[in-house]
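You will see two complexes here that share subunit A, one where it goes with subunit B and one where it goes with subunit C.
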Partner chain A sequence: MNISKISMRNITRQKKRSFLLGGAIAFGIFIIITIGSFTAGMTETLKENFTSIMGGHIYILGTETLESGRIVQVIGDTEDLERAIDTVDDLVEEYHVRSQVRIGEIIYGSKSTTLQVSGIDWKKEQLLKDTLSIAEGSLDNIETAGSLVIPEKIAEKLGVIPGESVLIRMDTVTGQKNVGEFTVAAIIQEQDSFSFISAGYTGMDYLNELIGLEPDEYQYLNLHLEDIEKMDIAAERLVTELEKTSLVETGEEDEEEGKDRSHGMMLRGGMSGISADEPWEGTKFSITTLNDIMEPVLQLVNILNIVSLALFVILMIITMVGLINTFRMVLIERTKEIGTMRAIGMHRGSIRSIFLLEALYLALFGAVAGILLSFSTTIITGLIRFTSDSPLGLFLHNGRLQFITSPGSVIKVVVMLSIMTLVAVYLPARKAAKLKVVDALRAQY
Partner chain B sequence: MKKNIIIFMVLLIVGLSTASAISINEANSILDTIDTSRNFTGTDFSAVMTMISEDPDTGVEKKKVQQFRRDDEEMFLMLFIEPASEKGQGYLNIGENLWFYDPQSRKFNHTSMKESFGGTDAKNSDFGASSLGDDYKVLSVEEGKLGRFNVYIMDLEGTNSEVTYPAVKIWITKDTNLMLKSEDFSATGRLMRTSLFPSYAKVGEKYLATKMIFKDELIEGKKTQITITDISTKDLPDSIFTKSYVERVNR
Partner chain C sequence: MTVISLKDVHKNYPLGKTEVHAVKGVSFDIESGDFISIAGPSGSGKSTILNMIGCIDTPSEGIVTINDTNTSDLKDKEITNLRHDVLGFIFQNFNLIPVLNVFENIEFPMLLGKNPAPKDEREEWISHLMEEVGLGEWKTHKPNELSGGQRQRVAIARALVTKPQIVLADEPTANLDSETGASIIELMKKMNKEYGTTFIFSTHDQTIVDIADHVIQLKDGNIIENRRTQA
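Now for the complex of A and B:
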């Protein structure tokens, strides 16, 4: 009988004890893999959602000051910007120019609600067209002036269907009150965009007219990169080129100064309306990347991962203490057996290996059970559809939580567990190996 | 000859009936008069405003606000007294700056004179000093009647792109130059809001609209009625127009 078979048989000799020890290991593995999958899925979902709703990975916002000192959001003179984007042309898949009504009030009869409306150049934004999930209506005539795409939640609240007219109350870039008439062309499933922002889309030319911009002006230029990993390289090139001719603000600078301006500017729609203390000439550019926006989320994810790792380590330490005690008991229980095995010629190393292998098998069985339990849990939880106004709205992908389990992280956890198990059992195993044959055979317990 | 006289008479009558009673310049100076009569220069002002908002979505809501004004220094403070859920909230205006104070977060946030006042149909600018003469110029003026009042009906256009409404139509009493009604239009020319000022009180040399009705013309059935009581022109302590005062009253 070889060592491996003896170790395996030993596990089944004390089924209840093995089950409890393996169960504790499985629970620890389950916790760390499930939390890891949740945080990885959450990060990916947020990245996808931000990319989809903001139309890219790098966002360039322009602000200018009027004679009165009022700051308005507009990229009027595009010459400098065009020169800068030439430097990143090889990295960009699509350019998206947008104008935006940050807080509009959509009105249908006596009902109204708030809606963020983005002005889209439909001819150029194929990616957005492809990602919008149409619930009702169609995008066939979306390029007609005044055509509007709204989320399901808004349509339900107003009781509006495609083909009907709605009004949107908004402010122009200089803060004047205006109202535009729109025709609902399509209703989209809101899970395809942020559930916590009700975002609608319309043609940019029509929106520009309403908010007081010229047809060739826009407020944002968003860059959708071919390779998301090259985001920081592209942003750096843009900043370097733009700084030669214009004022530039970046997410990093704000971070260094302990501010959160750029992130906030993108999400809140800039600083439009506030009087500038020091007015500037031309367009001031603010460059924000998806990484800048994701940073607070990534910090949260890191904290969650650290907490889950700490929990895992604590659980494992408790389990390892149990494992040491168990194997000390095993040593006492099997002293005579060890003496017999040694008497018939088994080496000390083999005795040690039997102990170590037994513990390793136990840990691996527990790990497999934990992994299977984690997979089942994530699959079942991933099937649950949450409502868009759920507190989890921020993390939903198509209305569901997304779990991503990377094989690398699973292997890492299993290797870590194996090492901890071997270290824990090493002392009882060594003690077993060092037993003298005569003493072992003479043992009365 | 007789025919010519008849034609002349008809033209004269038509001409007289369509000609405005006052010139555009005179109409513009009426805007300044309105500002002068509505602004409390040389004195402080305080009052209590009762606002009743009707919204088809949320129903009827009543709010009470204590108003303090010092128009000479372009300052005002509006403190919510009722309902209990909004008590302590306030709008503090000092010159170019307007802040909204939320006692729950204990924070002052910048806001704009163009924004809605406490979610009602009134704008923050409706409660500060009037600047019709600076912000608008008269495009046309005609005589007419509003109820039993003889009025001038003026079409106004914003003098810059930063006024809240790009175009406004106002009804001004001929004898006292009081604004009885105004219609506010969007940049696209759509009527957005109608304001009615059916009653005025004379406070010293000034006129104050004691009842105001703001009707949202885009949302059917949405309007706000404001009644002003407890009017006083007594001097107010300087400390009232400070952030620390707003914080203090919330302790």
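Now for the complex of A and C:
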């Protein structure tokens, strides 16, 4: 108590010096926590955005080969799949079946642009309905055949308003051209529909007809899990069960084979109509998880985190050198005082503690300042709303950057800082403790 | 009762390749409750002897005993405890802790012990001591706000706060004007009478020697006079 009081007050003896050291520590802490919050927030945002776009966490895509050898995207025999799905039913919150036109040309009068159109079973996709934020029109009659939801950007480009008809030119599953007529039912806000990709939604039955699928057929089955942490477990169960009866591809296999096939069916959707090298029997399933898709992102995040950690360590090493020098100076400045305290009856260990505590308090003050600075920076930056066509689109959460500061990472950084500080100051502290009392008392200061 | 006893004590300091023979075989006893002056010109060995009595330095030869304990047998921890429990120190340069105020400086040694007295008891005793040394109004002042004489009064209170048997004061008046110095010696004498504490102070000022019960005169590391005036 005596010791901590003296240590605390000693910090204020050389205010400028303490301020500079504390400031350097604050800066280092600020950098690492801010970058950490940014990457954590970005990861989370990407996960949420992907989940929303893709309609779930686990994506099952079916492909079959026709007698002609053409590959067709469809889940034809659902029996095997249903059996597999039973094994994960306890983990699933919602099932979403979808068909999709990867690149359609939407035409209104003399204007046209490209649009991805997902065929939705509106009765089942409550989550999607909840997340779409409607700018114009409504989802009330969305189940009417040919009703279409388009993003604001597309609507502006075409000059179309709800209630008007548009044409969409698309490829069928077998690679033929087809055109369908749609009625714009609703226009949705960009921020909430992830503007980096222009995605429209329509009823699945209607879209199936246009792309050459039966009304009850679908291309994707997406599982929205209750607990995102169970993703890999669920995917594994699915693969194990499906492999008993069918051909299965997973995101992981691609990795192992080292082939540069992009994960998931985001890009593979374009495979329709291509001829297969080796035709296969029945439905081949491709199972991809959000984790597979996130993997390159997570790798990038890891690199960023390592870089920021390295930066932090370098900054801290420089700071620690400053700290060591400061405490060497402190040792000289307070030699007589140390001699006095020892003469009066203070033990060596207490002298050492005074030094160590003083350095620790300084570091912790710096850390608190850095943490507060980081908090205010991320909060203020998080308030900025980016425009809908910002290239950052995919990284935005409702048009804003998301920052997530986990208490665990803050504690980790503070513990690291404390250990480094104590190690740095240990030698001067020990030297102070080992001073001979007579010599210390005879010192100039 | 003899509290301190020196037997044929020598102290050599290395000086380049040779040695300085600062204390050349000194023996004397100190009786409990005495007010002792160690006098002598500069360089005669006063500080060296006080440091050895104060257990902050060790003799090169000979024995220093405090309460029949040979101090050279003790480990650093035991010596530190002995300094804390038995001895009090007053320094020429006052040596107060600059970050602590008057009250805290006086309280400081009390908090170093194993079982510090409870807070209210401490406060009562320290307030009493502050009154005794005439600093009742200066409780919350920092040392740099005090005059030299006031600082030395704080130091006296600090030296007495643990109720030590012996207080050592190496030239406590050397940094004070003669009037203030005399008042400090008087205060020490008053405390010596009141609490029965043994005081040993060094000085090269012959005018303040006479107040002592026991005078040890040094010259060039030897005792030239060892006179006890009181029976």
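Throughout what follows, the second predicted complex is superposed on the first by the 435 of 445 C-alpha atoms of A that agree within 3 Å, B and C clash if a C-alpha of one lies under 4 Å from a C-alpha of the other, contacts with A are read in each partner's own complex, and residues count from 1 in each chain.
To be clear about the criterion, a residue touches a chain if its C-beta (ideal position, glycine included) is under 8 Å from a C-beta of that chain, and two chains touch if they have at least 3 such contacts.
Since this is a predicted model, take the numbers as computed values, not measurements.
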Does subunit B (first) or subunit C (second) touch A:169, or do both, or does neither?
first
Output check: A:179 vs subunit B and subunit C. Expected answer is one of first, second, both, neither. What do you get?
first
Touching partner for A:76 - first (subunit B), second (subunit C), both, neither
neither
Which of subunit B and subunit C A:382 touches, first, second, both or neither:
neither
Counting only contacts in the complex, subunit A reaches subunit B at residues 66, 68, 70, 107, 109-112, 167, 169, 171-172, 174-180, 210, 212, 273-275
Listed in rising order, the residues of subunit B that touch subunit A in the complex are 56-57, 96, 110, 112, 114, 158, 160-166, 184, 186-188, 190, 192, 218-222
Can you name the residues of subunit C that touch subunit A in the complex?
51, 54, 56-57, 76-77, 80-81, 83-85, 89, 91, 93, 95, 97-100, 104, 108-109, 111-113, 158, 162
Provide the residue numbers of subunit A that touch subunit C in the complex, in ascending order.
1-2, 5-6, 9-10, 12-13, 336-337, 339-348, 350, 437-438, 441
